[in-house]
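So that you can tell them apart, the chains are marked A, B, C and D in the order they are listed, and the count of residues begins at 1 in each.
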Amino acid sequence: MNLAVELQGLSLKNPIMPASGCFGFGREFHEFYDLNELGAIMIKAATGTARFGNATPRVAETSSGMLNAIGLQNPGVESIIENELPFLQQFDTPIIANVAGSTEEEYVYVANKLSEAEGVAALELNISCPNVKNGGIQFGTNPEEAMALTEAVKAVSRVPVYVKLSPNVSDIVAIAQAVESAGADGITMINTLIGMQLDLRTGEPLLANGTGGLSGPAIKPIAIRMVRAVREHVSLPIIGMGGVSHAEDVLEFLLAGADAVAVGTANFTNPYCCKNIIDALPDTLDRYGYASVKDIVERSGRRGISISSS
Amino acid sequence: MNLAVELQGLSLKNPIMPASGCFGFGREFHEFYDLNELGAIMIKAATGTARFGNATPRVAETSSGMLNAIGLQNPGVESIIENELPFLQQFDTPIIANVAGSTEEEYVYVANKLSEAEGVAALELNISCPNVKNGGIQFGTNPEEAMALTEAVKAVSRVPVYVKLSPNVSDIVAIAQAVESAGADGITMINTLIGMQLDLRTGEPLLANGTGGLSGPAIKPIAIRMVRAVREHVSLPIIGMGGVSHAEDVLEFLLAGADAVAVGTANFTNPYCCKNIIDALPDTLDRYGYASVKDIVERSGRRGISISSS
Amino acid sequence: MQKVEQMTILENRLIAKDTYELKVTGALMNEMRTPGQFLHIAIGDGWEHVLRRPLSIANVDHHIVTIVYKVLGKGTAKLATKRQGDQLDVLGPRGNGFPVENIHDCNILLIGGGVGIPPLHYLGKQLLTQGNQIFSLLGFQTKEQVFYEREFGRLGEVMVTTDDGSYGKKGRVTDHVAQFKGIDLTFSCGPKPMLKAVSDLPLPGYVSLEERMGCGIGACFACVCEANDERGYVKVCADGPVFRKGEVVL
Amino acid sequence: MQKVEQMTILENRLIAKDTYELKVTGALMNEMRTPGQFLHIAIGDGWEHVLRRPLSIANVDHHIVTIVYKVLGKGTAKLATKRQGDQLDVLGPRGNGFPVENIHDCNILLIGGGVGIPPLHYLGKQLLTQGNQIFSLLGFQTKEQVFYEREFGRLGEVMVTTDDGSYGKKGRVTDHVAQFKGIDLTFSCGPKPMLKAVSDLPLPGYVSLEERMGCGIGACFACVCEANDERGYVKVCADGPVFRKGEVVL
């Protein structure tokens, strides 16, 4: 079965990719399977300089989900380009590089650097990290700021820019429309919902950071609702995510209006998750009467999305 | 162990009550246990006239949660007062009456009627139902509208008015502060998050209404985070809810800043849930070193909440 | 007082494609006597499945209740993994079942489609003991899904249909209903379109509805159905699942 | 290539208050030879538990791996319900274990607290076969929680402490460590305050850390710990859990 999808500036052999922050820079998962199997790889967020991130504990389990407050730990954009990207460049799998920062200047700096790096096929502008005070979420909850930042990054990027939206807003469609009008090439959604778990023995939050980002199957219904709402108003390609753990979930996101799908938390439960989903996809689509991934996208009656003909 | 709590205008023998819409008007659950055991009962939403609600299917299951789109089906406030309240009046359990509507006039009408009814100890102003076009959610996502509606209802109500907040907002603290400044006597939170599930065979939403409200253990981390955030800025009593299914969850909500706790979805999984939680509460509090419910509230270091001395 | 109880699984075996026959026993057995009622079953421990599954009583015999279920989604798939000796959290029996007491000496036609068939089996057994003559018309999608033909055969004459003609008569049950003559009363359970077609027949009878449920006890308004009388609506879990023909809008 | 495999449970029995000894076997056994490594175990089917649980190898013998775990939260409570014959989804063994190869003819002190004790057992067994002399200092909260005293007794001299004095010496392990003379090397595993106290002793050695984990394989940065060298930080799951004393900030 033909699983290929063409997004704005991205040719994917299948619509499945690990989500940013849940797959590091690929090395560890390559010990489980061949990264050539993936449609793409979304790498961990990069900032201008190295960040140590939050104190531990950084993760907690919730019902059908988890909280994380890693805090954008990363060795900084230059170290990533020098030490991490070369490993990934050996694969025939496009890299989508997650860009974070505290200020517009930092975002622009990181975007500029990453968009020049070999193998980076697109940027993912992370304006939705809930786990650091100045982690960009202010850009993700205000349409004007989202628009301004997207424009600034578009101005320097040599590759398509996808903007990653936060679900912690009253009106996600307004943010999506803002980044569309600012020239974004696509949208990725959703980032995590802000949550908290208390340690019953101390009465204090279990995560050192206090709050954390909620991910996993628990949030899938929220993600599906938001993808569907954005799809009704925006014609950009959407990479959907939030709670995907089975091939059926991928189909649900595609039907909701996504063009490709990312898998986050489920990589922790089962390190083979992306591979298993890719392997199961043909049978799953066939069972529901679809001839290809493109067939779903076409038949789900979405507004004219710009599918490049390359 | 002393489980009693005193909220603004509400004397509860214990802090546990079924959440609105998950317990009807009590009749069915009285076939499982004695309703006198409950701290209070939050009854199904009342509107000015009878409503049939949404088409079916109205519920769907999600990972550790469910979606519902009942659509405020109810026989109308007068019929509720005449046919449903008399049954509940026989119990020594305060009734908290959920007030809904499409317009300010309807809210005021319903609030006025219900606040006069025997046994109704407080109103719960539902400005957060996500399942009907004009179900009041517009009042719940805009601080000014929330304030105006609360003031109007306060002006006619003979009993304390608790306002039920929606989690589908960028800034729930702003709404909480708005209703506090409008004279609300307390806050109940959270209502459901907007979600969607697709029927993979049709590609269409499984619920006839399209979207539905997500509830159950899946949303507990979001509820805890929001209760904590509101508690830090608002001194009104809070009745917390969202995913409570065990006595430990009750402790978590109390530690987060709630003064009492409501149980919704878990009544469906286990109809004895509220009773089981009440029975387990003394041992659970004891295990974590608390001498009473009041002890938790006092020791969790919250800002001066107005605890009536009655 | 209503009860939720742990019942013990005696057997859980595949009897047709994706279709299992489950036998359980326990204290709750004393309540089980009305055909058409359902058990509201909690699946899995933990809270992964927050909603119970309504499954009909297919038989009651010597303190053993039988359920026949089809694996459709996650809950029934999980149920299919249960083994002998496992416990099952059962609420019930719930709902208003088929009215059987006053039916004697009638020619009865049972019309069932797919997973609507199980409750008709227990119904037929009871009607037979009251001196009625039982005819059964059972519809399946395809040959591999056929079940309980022999069990219904013990009650009287049986006709099986399959949508694709791979077994029995080809077509839907409603295509073949005219072949049964002299019927006094029909009882049907199955998908809504089937119930609607049956309702259009000029024969008195009862239909049993399916609707997604929240509480299963009448408290949440998830399972309502429009009624043709002054009530305006009825709840499938508490007022039904069995209704007189014409009582509800199909 | 790394592997995740279904292993078969041979035994899962209570050996002390809230403490279970679990024996499993399977193909993954061929990989298990380094003490201090952990297995990253998925609990429950469905996705109620999205995170795996790290549990140390407490023994490897005749193609059977032993784990000793304490029921603390929902995951270990669920694990305690598993029965003989059930399958367990195991990722591992993971992490850098204790360096044992080049240690011979030393006086070794194993210092363990609570659930930090199990990995020291497998470590002690290996060190013993290499001609070292083993002393064990094991701390528990209270008498009912004491486990593996006999197993460590087979390796050498054992001292047990309990916080409340209900068994063995009263107090914490660090209160009694001075009684062991002529020690060349310490290996310790337990709560952070204990590890910190042990690190302050003027003896070389290794500590094994616990940290909440996401992936367990080094990809998510959940389990980092500040390092005292130019790396700045290390990952407990991949660079540890075992570190040289002084290598990390406790």
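Things worth noting here:
Definition applied: a contact is a pair of C-beta atoms (placed from the backbone, for glycine too) under 8 Å apart; a residue touches a chain by one contact, two chains touch by 3 or more.
What you see is a predicted model; the values in this text were computed from it and never measured.
Between chain A and chain D, the least number of touch steps comes to 1.
Centroid distances built from C-alpha atoms place D farthest away from chain B. The geometric centre of chain B is 46 Å away from that of chain D, both derived from CA atoms. Work out the mean CA point of chain C and of chain D, and you get 54 Å between them. Rounded to a whole number, the gap between the C-alpha centres of chain B and chain C is 36 angstrom. For chain C, the set of residues that touch two or more other chains comprises 46-48, 74. Touching of two or more other chains is recorded for residues 63-65, 216-217 of chain A. Contact residues on chain B toward chain C in their complex (touch as defined above): 21-24, 27-29, 31-33, 44, 50, 52-53, 56-61, 63-66, 68, 70, 73, 216-217, 245, 265-272. Residues of chain C touching chain D in their complex: 44-48, 74, 78.
Interface residues of chain B facing chain A in the complex, by the touch rule stated above, are 62-65, 67, 141, 168-170, 193-198, 200-201, 203, 205, 211-212, 214, 216-222, 224-225, 228, 243, 248, 251-252, 255-256, 288, 299-300.
Of all residues in chain D, those touching chain A in their complex are 1-4, 42, 47-52, 74-75, 91, 211-226, 232-233, 238.
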